[in-house]
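Below you'll find the structures, each written out as structure tokens.
Paired with chain B in one complex and with chain C in the other, chain A is shared by the two complexes that follow.
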Partner chain A sequence: MRGLTRLHRRWWGLVFVLPVVAFFATFSVFPVLFGIWISLTDYNLLDEPLWVGLANYRNLLDDQLFLTAFKNTLVFVLGATLPVWVLSLLAALLFDQAFRGREILKTLFFLPVLPPVVVVAVVWRMLLHPNGVMTWIAGGHRGVTEISWLASTTLAPIAMIVVHDWAVVPFFMVIWLAGFAGVPKHLREAARMDGASSWQVFWHVDLPQLRSTAVLVAALTSINAFQTFTLQYAMSPDPGGPANSTLVLGLLVLKYGFQYFRMGDAAAVSVVMFAMILAVTAIQLGFNRRGT
Partner chain B sequence: MALDDDKPRVRPVLFATALVVATLSAFPIWFMVTSAFKAEPEIMAIPIHWWPHDFQWFARFREAAAFAPLWHYFFNSSVFSVTHVVVTVFFGALAGFGFAKYRFPGRTLLFYFVICTLMIPFQVLVVPLFIEVKGFGWENSYAGLITPGLMNAFGVFMMRQYASDLPDELLEAGRIDGASEFFIFVRIVLPLLAPALTSLAIIIFIWSWGAFLWPLVIVQDRELNVLSVGLTNYSQPYQQAPMWGAAMAAATIATIPIACLFAFFQRYFIKGLTAAAVKG
Partner chain C sequence: MKFRHFGRAILVGAAMLVATGLGNAEAQQLTLKIWMHEHPPRIPIDKEIVAEFEKAHPNIKIQYDVLSVAEYSTKLLTAFASGSGPDVFNQTSALVAQYYTSRIMAPVDYAAMGYADEKALMAVYSSGLNGIRFAGRLHGIPTEVSNYACYTNNAMWKEVGLDPNKDFPKTWEEFPAIAEKLTQRDANGVPRRRGFDFNWPSVGAFWNSFNALLQQRGGSLVDEEAYKATFDTPTNQRTVQFLVDWANKYRLGGPQYTDSRTDFLGGKLATDCSFGIWGIPQMHAAKIDFTVRPAPRFADATSDNGMNAYAYYMMVNARSSPAVQKAAWTYVRYYSDQAARLFAGAGLFVPRQEVAAKAVDANSQVFLNELKKAKFPPRVVGYSQVTDAIFRGRDRMVQGGEPVAKVMAEMNKEIDAILTRERARAEAMRK
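Moving on to the complex of A and B:
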């Protein structure tokens, strides 16, 4: 009898996980496989998909739009990883100190995390108006009254990076702070007892303990950056512009898929993105394994 | 690095540095909120107005609502996000509990199956998912808008960890009293998971509230759009003069729910964000 109820009970576990498994089979795993199949076809949503094999991928290799988007994405990833990593660590070091007024200032610093990315885009589009607030801050004292932040092919990609970094640095600061909190207190105290300076404590005690946090921040910043597109879509007066200087892969998927209805090309671009993100994840896992 | 037993004291250099950093960081948010109460010419005034000289009360908000269905957007975003929160939290906890406390055949395999989906960026899904959902006849409808985000693998992952920590004795006690497994989940497990469920609910709300790509492609009707997509209407290029006041009013509205969550549930908020980051 007891054995029977045991057996009976085990199956409840399956019943409990089934809704979730069925959901992901339908709305995650199937679409990924379906997407790979679409990337091997020409499909415009109206006519039947036409099998073309790897042609879409081969075409990407000399597709100027794709190459531009690929390059822009890499530049964005560069600007959205290393600076964010360093700045968020510095911010965490600052706000990890004990001083009066710290909590309120930390909260103020954290505010950019709250608005959704679209809000960030709209607000910064206003701040970066050619005759707007940022122009006044950057050039007002020199008598400059107009800077085309978002209409210049040099400044626009930089603006995307700066705004993105502004919005995410406080978030990664929180991750660093959580990492700091995980460093055993007694290690620091022991080092202090031995006469280590603050810097020495940080370098020799905290940093080695923070290895996994460091890898995590590096991985998350780059994975997020590879997927960027909302800023480029909503902040630029012309999505991806000017002259495709802020066209990133995420935006290209949208353009090919939902503007030109070239579903095969859109799917191929997204598969390339997926491969890049998986590579980053693999590198992260590799680093973590070597660390333990 | 300060030792943790240091009492907070006045440290002018640190305070000044932190003040500058915090001001730079918070300024755009400050400017957004104050501009929502400014008259249109004041927003672009140089030198800037830190505070509205001619305080407009809700005029900009009314303007925003007159130009586009702002309250409709807000309602749609609320339905979208709250549905996602409720369904994700319930089924996430149910599945997490199932994975943590029952040894059924295929458990490990199914768990990896769910966890693998965490690695899929949404851009990879958007094209095939659009075609699939269109095939269901759900294009341009609440069903199409809401369904693909109803569950979240991160929720399952997080709940499994918390459910593993629950003592088996509690479940056994319930069983001795003759409770069914589902009853045990609802009456014993869910209340014990409440703090973790709160963090999960907050993080899911933030994600759903800010969701942009899927609502953008699946819905064409203005009346069905969510706030994040609707917001872009206020600064569209074909507008003769962008209505910055209305845009800032709408942007403020879009930020308020998350700001409230942060204000009232700060601890869970930070916990949820951190947990979501460390998932990998």
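Moving on to the complex of A and C:
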């Protein structure tokens, strides 16, 4: 009798989780599997997909557009992770201190997070006009009246990274602040009573306690940076340009899929991106697990 | 007797059934799904036409949707992919090759349109149909045929003592000196107001100008029939060098500046050659006193073409049912017969007698004269890839300062590879 009740409970349990499982399978698992299947075909969206096996992946190895986008993405990830990690931590350290006007300053600092990325991109596109405000700030005192921020193959990728970092640092600062709030006060007090300096308190007390936060920030910044698309699409007068200097993998997926009618290649690039993000996240989580 | 009655009853019943069936078929409602790209002045006229057509054809119901230009191509593509594409749609000549290759576009049904044959239809249009002819057959009807000519801001020209009617350059070689006169620079020589500039950032505008410039000297970018890049020739190199010099030697503009149409309407550019006849209402709205002049030719031009022609075509989905396709062509005929109304209300020019009769002013006449000489740019599958490759090469030469000969050789190779791959793909898909 008891066994029967247990079986009933199990069945009811399954019934209750079924909607969520079905939803997850339909909207998360199926699209991923469908994407992988498309990556094994040549599909122009208008005709039936043709099975090509791993050809799309093999072709990526000598596809100049993919290699350029891959390199650009790595450069962007580098510029959009490490500096963001450090700067957001520094900002959190600053705002973790008590000083006058802290709340107002913190609110102002947080403002860039509020508008959608596309709005940020459009605003910065105007600010970075060759004869615009940023040119005046950067070159006005030297008599320079024109800087091709977004039309130079050297400056454009840097401009994208700087704008990205400006927009996301405050968000990650908040995550660090939440981490700081979780550090037991008595540990800091004990360290101070033992004569530790502020730096020593940070290094030996705060930072070890913030390991999970540090890994979370690293993981989120990496995922965010690998998936970058909007800035490169909306900021540049020619998305991905000039001369492909800001072409990143996310943008290449759009171009392959919806401009070049090469959905199979677009899916293959997406799978590669997925694998890269998965690998980087796994490494970071592994690092966190080893430390605990 | 009884049997005879019974037999009659059966016959009458059968006849009624047939009649009812026929009646049903006749009364059967067809729904036509129509998608058009967004051109705000055209939308109210479209809606009027739809209402009139529905009234004249009570068995045809129209589901009319307008999609923004930015997302039109993508939405059209995904709709066809999911089998929910429109029955009637319009698209620009630059992008129709893919639809033809994938057999999305139905050949024109002359009978459904009420024309005896192709000759009867051709008699209505003086030009504009070549952009939609594939393998000798027409696959759509133009709803707009355009070409660019040059608009001058008369106030700015007058300010430096120039008269657009007398002083407008006849050759590209004369243009730098005149553009320089019209250019206002700051102390560092940076243009604050440009005299003339190409529309570098706009893919469509650049494609229509760039091709035309190559064609003036007998060159071309792509051989549409052979699917081969024909870009890297000494003549084309000279033409490209002119564009590079425009930005770097003469410093009269370049890809880093705002697109020329925006700056012309905003009073920051004295001359623009990337507006069509549809630009006239915009000039009036911006309160610009303007003159339209033909685009210059190279001094050694072998072809007397100005900028390229392009068109928007109304097409019918070949995957719709035969009955829907017939109804669709009936609608296309009805819509295309409203050309004069569309020109008057939305500025969309179609080369038909009754439309040309309305374009009587001197500025409009420049467009009509130029249209007769204009050529369509090549229509190839892989258009977006080819234009991206051109932009990449252009940026390397103009902004990266790389030598024209080196970059053009590489561009030619790249465009060739794109065309070869796309043709092979298209053939594989057809099988």
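We take it that the second predicted complex is superposed on the first by the 274 of 292 C-alpha atoms of A that agree within 3 Å, B and C clash if a C-alpha of one lies under 4 Å from a C-alpha of the other, contacts with A are read in each partner's own complex, and residues count from 1 in each chain.
The rule is short, and it goes like this: contacts are C-beta pairs under 8 Å (C-beta built on N, C-alpha and C of every residue); 3 or more make two chains touch, one makes a residue touch a chain.
Note that the structure is a prediction, hence the values are computed from the model and not measured.
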Q) Residues of chain A touched: more by chain B or chain C? A) B
Q) Looking at the overlay, does A:143 come into contact with chain B only (first), chain C only (second), both, or neither? A) second
Q) Regarding the shared-chain residue A:32, is it in contact with chain B (first), chain C (second), both, or neither? A) first
Q) Between chain B (first) and chain C (second), which does A:258 come into contact with in this model arrangement: first, second, both, or neither? A) both
Q: Using the superposition on chain A described above, determine whether A:151 touches chain B (first), chain C (second), both, or neither.
A: second
Q) After superposition on the shared chain, which partner residues are touched by A:238: those of chain B (first), chain C (second), both, or neither? A) both
(Q) Looking at A:131, would you say it contacts chain B, chain C, both, or neither? Reply first, second, both or neither. (A) both
(Q) Quick one: is A:44 in contact with chain B, with chain C, with both, or with neither? Answer first, second, both or neither. (A) second
Q: Check the residue A:66 against both partner chains and state whether it touches chain B (first), chain C (second), both, or neither.
A: neither
Q. Where on chain A do the contacts with chain B and the contacts with chain C coincide?
A. 45, 129, 131, 145, 237-238, 258
Q) Given the complex with chain C, which residues does chain A contribute to the contact? A) 42, 44-48, 50, 129-131, 143-146, 148, 150-153, 237-238, 240-244, 255, 258-261
(Q) Going by the contact rule set out above, which residues of chain C touch chain A in the complex? (A) 73-74, 77-78, 80-81, 98-99, 102, 104, 186-188, 190, 192, 201, 254-259, 381-382, 384-385, 388, 391-392, 395-396, 399-400, 425, 428-429
Q.
Quick check: in the complex, which residue numbers of chain A touch chain B?
A. 9-17, 19-21, 23-25, 27-32, 34-35, 38, 45, 91, 93-102, 105-106, 108-119, 122-127, 129, 131-133, 136, 140, 145, 166, 169-171, 174-175, 178, 180, 185, 188-189, 192, 198, 201-202, 206, 216, 219-220, 223, 226-227, 229-230, 233-234, 237-238, 249-250, 253-254, 257-258, 263, 266-267, 270-271, 273-274, 277-278, 281, 284
Q. Inside the complex, what are the residues of chain B that reach chain A?
A. 1-4, 6-11, 14-15, 17-19, 21-23, 25-26, 28-29, 31-32, 35, 43-44, 46-48, 91-92, 94-95, 97-99, 101-107, 110-111, 113-114, 116-117, 119-132, 134, 147-148, 150-151, 153, 156, 181-182, 185, 209-210, 212-213, 216-217, 228-229, 231-232, 234-235, 237, 242, 244, 247-248, 251, 254-255, 258-259, 262, 270, 273-274, 277-278, 280
